[in-house]
Every structure is written in structure tokens, then in C-alpha cells.
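Note that chain A is present in both complexes that follow, paired respectively with chain B and with chain C.
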Partner chain A sequence: MVEQVNSFAIKTKNVSVHYGNKMAIDDVTINFTKNDVTSLIGPSGCGKSTFLRCLNRMNDVIDSCKVQGEFLLNGVTDIYGDSIQVETLREKIGMVFQKPNPFPKSIFENVAYGPKIHGLASTQSELNDIVMESLNRAGLYEEVKDRMDDIATGLSGGQQQRLCIARAIAIRPEIILMDEPCSALDPIATARIEELINELKENYTIIIVTHSMSQASRISQRTAFFHLGKLIEHGDTSKIFTKPDKEQTNDYITGRFG
Partner chain B sequence: MIYFALLILVIISYLFYYIGKKRALNLKFNGNIKLSSQPDYFGYYVVLMALIPALLMWFGLLLFKGNFQEMFVMSPILFPDISTWSDGKLGLILNKLNNLSVIVNLPLDDLTNGEKSILNMASENELTAAKNLANFDKIYGWSNLTLFIILPIILGFLATRSISGKLNAQPIVEKIITYIIKGSSYIAILITIGIFLSLVFEAINFFRYVNPVDFFFSTGWNPNRAFVVDASEGFDKDDLENAFGFIPLLTGTLLIATVAMIVAIPLGLMSAIYLAEYASKRVRDIAKPIIEILAGIPTVVYGFFAALSLAPFIKDVGESVGLPVSAESALAAGLAMGVMIIPFVSSLSDDVIKAVPQSLRDGSYALGATRSETIKKVILPAALAGIMGSFLLAVSRAIGETMIVVMAASLRANLTFNPLEPATTITTQIVTSLIGDVEFDNPKTLVAFALGLTLFLMTLLLNILAITIVKKYREKYE
Partner chain C sequence: MNSLNKRLSAEKRFQAYGLFAVALSMFFVLILMWKIFSTGSGAFVRTTIEANVFFNPDFIQVNQNSLEKELYRASYVALADDVVRQNHPNLNEEQFIKVREMYTRKFDYQLRDYLLDNPDKIGQSIIMKITASSDLDQIVKGNYPRDVPEAQRKINDYQLSVLDKLTSEGKVSSVFNFWFFTKGDSRDPETAGIWGAVMGSLYALIICFSFAFPIGLLASVYLEEFVKPGKVTDIIEVNINNLAAVPSIVFGLLGLGMLIGVIGLPYQVPLVGGLVLGFMTLPTIIIASRASLRSVPPSIREGALAVGATKMQTVFHHVIPLSLPGTLTGTIIGMAQALGETAPLLMIGMVAFVMEIPGGPLDPATGLPSQIYLWSESAERGFLEKTSAGIMLLLLFLIIMNTAAVLIRRRLEVKW
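Moving on to the complex of A and B:
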């Protein structure tokens, strides 16, 4: 039983989200297995991004957004409970956004930002190590090692997105949320990021929202299909893409709607 | 007369627009000719062709009216010694002839006694010249009218006739319009240059009396000493040595501006941060306009607020703790000025903070940063250029502000950095020197231009600095 609890990075139960009077998520229950890549797919406006942003409480800042339901981190910590501060939570659950959003600071400062805030390094050399290691894991170190003090916004789009991933893993999260991380990138940069996601799943649980079904099938072990705020089907990627249980899922992945 | 002509001109333009457009449409539908521009452009084409030469010539006539008058009237035949006259005398005579020309052709019965005596006093040659002048004015008036009405009509018809399938009106019209808008912007620039040059020339006049070194580096400001200067006689330069020392005015200006910035920068910046990052939309929608009202209060109101409420209050408070406070302290003027420029800082800073993309905030929050960490480490650095720009704009406003300091600051130049003492500013002294007896051959008056020029250069420098900083950071952050 204990094994069972611990194998889930995040468990959610009966999640509903409203923007004002409009329902965005309707009674979704889904568990995310550890060290897997889970893809959230579905047509635009199906609520998959909203759901993703609930997991690290990024919806908190939107006044009209009301989140209900149960969210458990590692099966025990209530994500919306009083026992955890939102900053501590986000230290454990990192996020990469659709559009690369490096800070207008140097490459080094971008990666060092999180570790500095959370006090992860006591000396400058420790900080240097964290930055170097994170950039290395994001596969960016070789490209930028000679210009760590250059402004990060001068990097290419793909490099910027890998920098954002490096920035996210620099605070050593357990889970990384990715909200369509490749939609603003060209195919080569996309392939690079997909490769990276594949490497990262050794150490992290990754939940990724994607519009590309081929991407979902390439990179993820589990896939969840959302439609109109409801979770239609959730299971192994191979199963979802070959013989889904639900008619709707089949229609979507074969391109009959969406 | 001129209004009448202008009205006719407007009517003519309207008519020609329709005539031109009509002819183009006619060619298109009845003549089956393919036009190379939209019909509207042919209308504009005719109007521009009809009006522009007329307006240019009218402007030329206006500009050279005086020269023509002189050429026509002031001939050496009538005035043999004209080449020896000074400009002043020439002007006087021309003035006299102008007056004569109004009455010289009237019947004697219609004249008043005064006018008759003017006629009697004039010499024969002057009367002839006055008659010539009257004729000239008549011709000038008629030629103006011709220009305004007949020339446009002729040109308009010629332009209308020239409309054909081959004429491409659009590029011509667009080119002319481009010249017109280009000209408008040059006019604004030329006026600025003109103002600057007038300052420079009057300042040069001033520096004929006062050594620039004395002006810029001397510490005594006693402009009343300049009363010893008499235009007709010489004066002793030593008298003016310590009369126009700019230094105490500069320190006074900087002192008051510093007090103002000490008030405005923290209050303005913090309210900007509150409005942009913490306030709910409802609070922001109400609070921002209210803060901006501060900038709309007439400065004279701030002036008497500073002079009548703030200054006595500061004096009382100071004296209750045993500090000697002047009734016209720099502190009072500076505080009032600081309140006035709060909105310059807050409103502009709020805009630039709001302009920082939401994605940067999200990025920071997603890394587990708190709101204040995000503001300090991400948002403010990203908005720094704009914030610095707003500071410099506020400083430049503070240095140039006049009414508050005229009312609340002292007139006495006082070389001090103590805000509890009285101090005067550059603008206050400019106002003082141009009030009352104004003589443009006395340094006491002329010093206004030297001060104005210095002030202008100071604010110009600040603006250049602001632009450079903003540019530098923009490059860095883009």
C-alpha cells in the first residue's frame, strides 16, 4: 500500500475549476506516476493548460479563478493546504512556459536566480556548480560556457527555452510542468527539447501539455485526453494511440475533430 | 479683405476638388479611359495645383512687402541724401509716409485739423512719396486679390485640362503632401532654434556688461547694483563684479529641486509599485486618476499652499524643537514642489512597470519567488530605464518650475545647503528681473536671458542624459 502511494508524484481527485461563472475543469480525477512523462492532450480550450497551472498554483494570481478538489503531492502533502507555502511548493514543482521567458539578465543570473532565492548555495563556487550542472543537464552548457555574462534575451528561441528548463531544474524540483514548451520553436529546436525531456525523466516527473499528438506519442509514457473540461481518457501512451477505450479519443487522435 | 479672400479660396478649393474628380470619373465611364489613380486623387491634384503657387507667391509678397515698399517709394530722386540715412531714420520716415499715404489722396474737407497740419508740415517730396506709397498699397492689394482668386482659377482649369489617362495623380499628390508634413515638422524645429538664438543674442548683450567668468563663478547676487549703469554714459565694470553671480542661484535651485526629489522619488516610486503590482484593478482605476490630479493642480495653488500653509507650519515645528527656520525656507518650496511632481514619477513608472511582460512575473513565481522578490529582482531591473527616465523628467520639471518658487521661495540669494534657510532659484530671479521697469540696455534686465539660456542648457543636458540612459538600458534588455 505504501508502495502504491509513493509511486504517484501528484494525485488529484474531483478537481473542478471555474473562471467566474464559466466552468473550465469539470470533476477531473487523475494521478501522475513518478519519473514518467505524462502528456495532456486535447483541443484548444479543453482546460489542459488550466489544469496544469493548478498543479503549482499558478492560477492563484487570477482573481476570478476558483479551484476545488483534492491535490496531493507525493500522496501526502495537500498542495492547496495550509501546511505548505506556495513558494515552497513551487520549489518542488517547477514550470516551463509556452513562450521562452528568460529574465533580462545574464545567462548566469537567469539560472542562479532560483538557487539564490531558496538559499541552495552557501558559497559562490557552490552556486557556480549548480548553474553549470543545470546548464549541462539542459544541454546548453557547451553553447554558452564562453558567454555566461551575456544577456539571456540574446539567445535563440530554442536556446532560451533550454535556458528556461535549466533555470527550472536549478532549484532541484521533483516535478516539472511544461506548458506547450515547443510551440514557439522550429522543428530542430523542438527535437532538441524532446531529446532533453527524454533524458530528464530519469530524475524528474514531467507533465507536459502539448498540441502535437506526434510529440505526445514520441516523448510520453502516459497520456491524458481532455475535452471540454473533462478528462475523457487516461492511460499508457501506447494504448491511447493504438486502441483507445473511448470513441471520442479515437476521433481526436485520428484527426476527425479538434 | 483677407478673410474674404480666404473664404473665396476655400470655396474655390471645394469646387476644384469636385471638378477634378468629376472629370476623372467622366473619362473613366464615358471616355472608357483607364485611370492610373483613384478618382479622389485627381480632385486633390487639381486643388493642390491651383492653390500652392498662389499661396507661395502670397507668402513671398508678404515677406518682401517692406522691401518692395522701399524700392517703390524711397528713391534717391525724391530723397537725394538717402544713402546717408541710418536704419532708424529710414524707419521713421517710412512710418511718417505710411501715415501720410492714408490721408494724402482724400479730399481736404474730410480731414480733421490735426491731419491737415500733418499734411502742411510735410515737404513736397514727402507728399510725392506718400502718393507713390498709396499707389503701391493699392497695387499691392489688388495683386493680392488677383493672386487669391484669378491665379488659382487659371491654374485650376489648366490642371483640370491636364487630367488624362496618362496623368498619374497619386504619386504627385503624395509627394506634395509629404513635403507639406515635412515642412510642418521643420517649422517646429525652426521655432525652437529661433527661441534658442534669441536667448543667445540677448545673453551676448548681457555679457557685454558682465564678464562671463564673473557670472558663472562669482558668489554674489546683487542685481540692484546695476542701477549705476546708464546707457548714455560709461560705467565702472568693477561695480558689476559681484552683482551677477550665478552660483547662489544654482545652489538654491539644486537645493529646492533636491528636496523635491527626496519627496517625489520614494513616494512616487512606491505608489507606482503599489498601483502596478499590488492594487486590485478597482483600486487602481480609482487611485491612479486621483494621483494624476496632483499634476493638474495649477502651480500657483501649490505656491500659496507652500507660502501660506506649509512654510508657517514648518517654521512652528522647527522652532518647537529649537531649530531656527526661515519663513521662506527652501524646505517649504521644495516640499510643495515634491508633491507636485509625485505624479510625474508615479504615473510614468507605473506605466513602465505595467509594461514588463506578465511572462517574466510568471517565470519568477514559477521558480518559487515571492511577490516582493519578483518585484525587486525581476520587474524593477527590467523597468529601470523607464523609471530613470521618469526621475530625470521630474528633475527637469523641478528645475524649471517657476510659480511655486516665486511665491514660496525667497528673493534673497543665499549660498547655502541648509534647507531651513531661505534660498532663491534661477526661475524666480528671471521673473524678478523682468517685472517692473524693464530696460533692455541694462544688465539687470538682460540677465534674465543669460539665466534663461543657462536653465535651457541645464534641462537640455538632463533630457539628453535621460535619453542616453533609456537607450542604453533598452539595448541591454531587448
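Moving on to the complex of A and C:
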């Protein structure tokens, strides 16, 4: 498999993460190809969330968390370097969390917040357009178009999660990180989100943590298997799920442990 | 089975204890309320005596063309005496003094106020309800017994006979005592009002809020959101909790020593009172505000940070608005506490006789609780009902503030 340098959205090298003295990620090197969906799988506590949160520096707010290693955005920008501010970085790398966390404000405000603080719209009608388009792409517009001023926390769980996705794509990121976005949702809402991820990958690079093997095989082109803070195996989803190189991977996906 | 019965009866017993405790405390509250209301309700009416008033220009040295200023400055004492003489003809000097005592000493002011409103009445006669003296008022209200020897009465036999004559003529009546709500303090109970003290307290509370709320909010936001927890924050935390438990008189001493002694702010003014109450309320606000900041779910902060908001934007756009109901509730409860606080006002002199209604935070004033304290010290029976009425008003304000706190919490609280 020959891959070009510039076809990587994020390259990481020798990443280690500690919480205090406790090691959570141990010397992980992994590259994420552009416009692909990459699934991070592995047993609970193996460090998937920790690794994901390193990519947009969400771990900065945890005092005990120490991140080492190399992170390159688009092959050139050092994510932890001085050349990029963390706010700009998060403008480029959006995130959707496990539990839907809309702001307790109106639906419109939720989506408009990011564009507003980054000055992406100069007029109200531009802002309206961005909000409408983001909701549309998140597949939520039809459901909420008549109640844009209603409080977002009044939506159903699945709608809230799609709103959070709309909020993330409203600032036009290049990469979207998703940490178990469907774990709080029912199968129908989950199917909608998966459909959405499928559409989004045309324009975005998506890295998603999931506990569902079937979900990983349905939505992702690439899969990375983590275990005890180590990256065990990383490759095309079809290969990982049919004939993985490592026995540990095989045991995990066939449900023999984890 | 036996042991289950035992447990069930234990539960019944426990509930009975609880019920008893609640009933007992309700009983005491009711007694307190009944006592205050039965004593204080008298303050809301005052006895008046109807009299024919002839605004004789000779006695006030003014005429129809006098300016308002001249009307204001004129002396109405002679006119007041004349009114008494006209309404009670053929009195000798001794009798006149006794009858004059049945009317309030301040009734010259009542005449003046009427004339200021109706200057065209100079040289004319009107029927006016003139306020009775406090002692007469108490006799009419039945608070002073009539059937005791004359020497033990404030109203002597002659005055009683005049009173009975006036009553039979239908000239004695009770009116709603607006003065209690509109006037400042007075040496005479019948003209003493609470408004000066209310305004004093109001100015003090405004100062208290404008000082303590922003500082308390910013301090708590800084401590909770920006500073890394460590030794220093632990020490600050312990100190804040300690300050919340410091007796209020100590804050009064601080105000006396620092604000008045060192900075040189005036004695007896709501500005200093408000600042002292602010010192006192500050720890309460900080503690309430920190608690409500902590109750904002971290996921909201993460959501804002993840779309690229700065820490500052996250805090000011999301965290503070969400924590505000809790902070405001704490602030109002703290201020309600401050409103009822007497000791710090005592220390900084807001407990003196002030007749004028303060026009700003730099005018000498008393506060509600210190006014109540002042009245309770007075020997006259008339002030006793003012004391209770003052307490009623204070309780009313406290109820209003605490209700507001509950409503704000209900109205603004976010449901997750």
C-alpha cells in the first residue's frame, strides 16, 4: 500500500500519554488518511478516548495529563507546536462527544455559536445560511425548521446528537473526531447517524471511537485496534475483520475477550 | 415477621417524632406572629380629632399672595393654639394646656402641610381631622386602662372628660396611618414613620449588592474556572469559609476601623453600612457562586472548547449564564441576611435618631433593624406598636426577598 505524504490528515509518531504516573497510551504511531472514516476499537479503558482527545488537544484541560510524541496536521503543522493556536486547531478539528452535549440555548444558537466566535459570517443572512446548511447536512433541518428558537435540550437524544454534529460541521472543520457518538442512542437514531457519517466522509476526515464491531465494519474504511494503551493493529477495515495479522485482534473481534 | 413489625412500628414512632417537632415549631412561630401582629397592628391606625380650623392670617403672618417659600417658613404654632382655643371655648390657662396636650405637638406641621397644598384657604375655615397625641391614641385604642387612679394615668380626669365629650359629638375617629409609611423618625410616636429607615436600608442594600455581587462573582469564577487547585487555593477556600462564619459585629468593627477610621468615610451613612454588609455577604456569595459554577456540567465546557472557544469565551458565554440562577439565589439570601443585621449598623453609627429621610447613600440614616432597635428602647407605649409594626415590615421584606430567590431559581434554572 503506497500512500502519499499529503494524503494524511493527521500523522502521529511515538505518542505516549500519562495521567500522573499512570500510562494511558504507550508509544503509538498511526496515520489517518484523508476523507476516510477510521474506527478506533478496543476494550474499555484501553485509551481510545485518550488518544482521540490528544488530536484536538482536549486533554489540555486535564492538569494531570501529559502528552508526548509527534502530531502533524496535514503533514506539516505541529499540533502541539507554537505555529498554531489551540482555538484555530479546534476550528480545523471538530469533535462530537459520547453523550450529546448541546448548549442549553436555542437550536439556532447552538449551531450559530461556532461561526459567530470565529467570525465566519459577516451578516445575519450569511449566518442563517451556515446554520441551515449545517443542519441540512446533519439531516436535522426538516425536523427542526419550525422550532429553531426552541431550547435544544428539549430535543430527543438522537436529534441532540445530530445537532452536535451540525454544531461541529458549522465551523467547516477538516477533520471530525467522534467518541462513541451512538452509544446513547437507539438503533434507528444510530442508523441515521451512520448514514450521516457515510455522507460526511465525502468532505471530511472522520475518526470515530466505537464499541460496536458491526458499526466499525459498516462505516469505516480503516480500523485501528488498541489494547492496554498500545496500538495492536491498524489497516483496512475489510482486512482487520476478515483476516487480521494479530491473534489478539482476532480474539477481540470474534468476541473472545474485551 | 416479628422483626418486621418492630421495624414498622419504629418507623411510625419516628414519623410521630417528626410530626411533633414540626408542630412544635409551627406553634412557636404562630405565637410569635400573633404577638407581633396583635401589638403592631395598632401602628397602622391613628386617632384623630375633628376640629374647625380657621386659617387666620394674623397668626401666621402670611396672606393670599405669599410665596410657597414664605408659607413654608412661617410659624404655625400660634395658629395651632388658636385652633384649640376656637374649638374649646372658655378654657382657663390650666385647662388650655391640658387640652392642647390631647393633640399632637406637631399639629402645627399638619396645618402647614395642608396650607402648602391649598394656599387659597388662607383666611377661610375648614373641617380638619387633627392627629391626637400618642397618649390619647393609646387610651382610645384601649392599650392604656382608664379605670386606674388618676396618678397612674398619662391622661388625667379632665382630659378624659373632654375626650368623652368629643367622642359623644362624634369627633373622635381613627384613620389609616399613612405617616407610618411616609415619614422619618420622630420624638413623638404619633408622627414617627419607618420610611427613613426603609430608605436607609435600601441605599445600604444597593451599595451592598453593587459592591459584593461583582466582586463575589469574579472571585468565584477565577477560583473555580481559571486557577489551578493547589495549596494557595486551599488556604483561600478555608479563609472564605471562615469569613462566612465570622460574627457580623466583627465586620462592623472592620468598617469602623478601616472605612471610617483609615479611609475617612463619614459616620452613620448607608454607604459605609452597605460596604460593611457587603463584606459580610461576600463570602456567602462566593460560596453560592462556586457551588453553582461547579454544578454546570463539564460537558458544556467541553462542547464550547471543542468548537474553538477560548477559555474566557467558554466561561462568559456558557458557564456563567448557567450558574447565574444559583449565584443570584445565594446573593439574595445573603442580602436578606444583611437586611436583618443590626450589629454592624450599630458599630458604624447607623443607629441614631434621624428625622430626615435620606436622599442618598451619603446622608445620615438608620436601617430597618436599627430603627426597630431604637424604638424598642423607648419607654413610650406608642413606640411599642411601632416596634412590632417595624418587625412586620422587616419580615415582609425578608419574605419578598426569599420568595424572589426561589422564583429566580425556578424560572431560570436549566433542565438537563
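We take it that the second predicted complex is superposed on the first by the 255 of 258 C-alpha atoms of A that agree within 3 Å, B and C clash if a C-alpha of one lies under 4 Å from a C-alpha of the other, contacts with A are read in each partner's own complex, and residues count from 1 in each chain.
We take it that a contact is a pair of C-beta atoms (placed from the backbone, for glycine too) under 8 Å apart; a residue touches a chain by one contact, two chains touch by 3 or more.
All of these numbers come straight from a predicted model, not from anything done at the bench.
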item: Simultaneous placement of chain C and chain B on chain A, clash or fit; value: clash
item: Partner chain in contact with A:K230 - chain B first, chain C second, else both or neither; value: neither
item: Contacts of A:K34 with chain B and chain C, given as first, second, both or neither; value: neither
item: Touching partner for A:H118 - first (chain B), second (chain C), both, neither; value: both
item: Touched partner set for A:H18, first chain B, second chain C, both or neither; value: neither
item: Overlapping segment of chain C (options 57-65, 165-173 or 255-263) - the one that collides with chain B in the superposed model; value: 255-263
item: Overlap of chain C and chain B interfaces on chain A (superposed complexes); value: 56, 58, 61, 63, 87-91, 94-95, 97, 99, 101-104, 113-114, 117-118, 153, 164, 167-168, 171
item: Touching residues on chain A, where the partner in the complex is chain C; value: 56, 58, 61, 63, 87-91, 94-95, 97, 99, 101-104, 113-114, 117-118, 153, 164, 167-168, 170-171
item: Residues of chain C defined as touching chain A within the complex; value: 228, 297, 299-310, 313, 317-318, 322, 414-416
item: Complex interface listing, chain A residues touching chain B; value: 56, 58, 61, 63, 87-91, 94-95, 97, 99, 101-105, 113-114, 117-118, 151, 153, 164, 167-168, 171
item: Footprint of chain A on chain B - complex, ascending; value: 280, 357, 359-360, 362-370, 373, 377-378, 381-382, 476-478
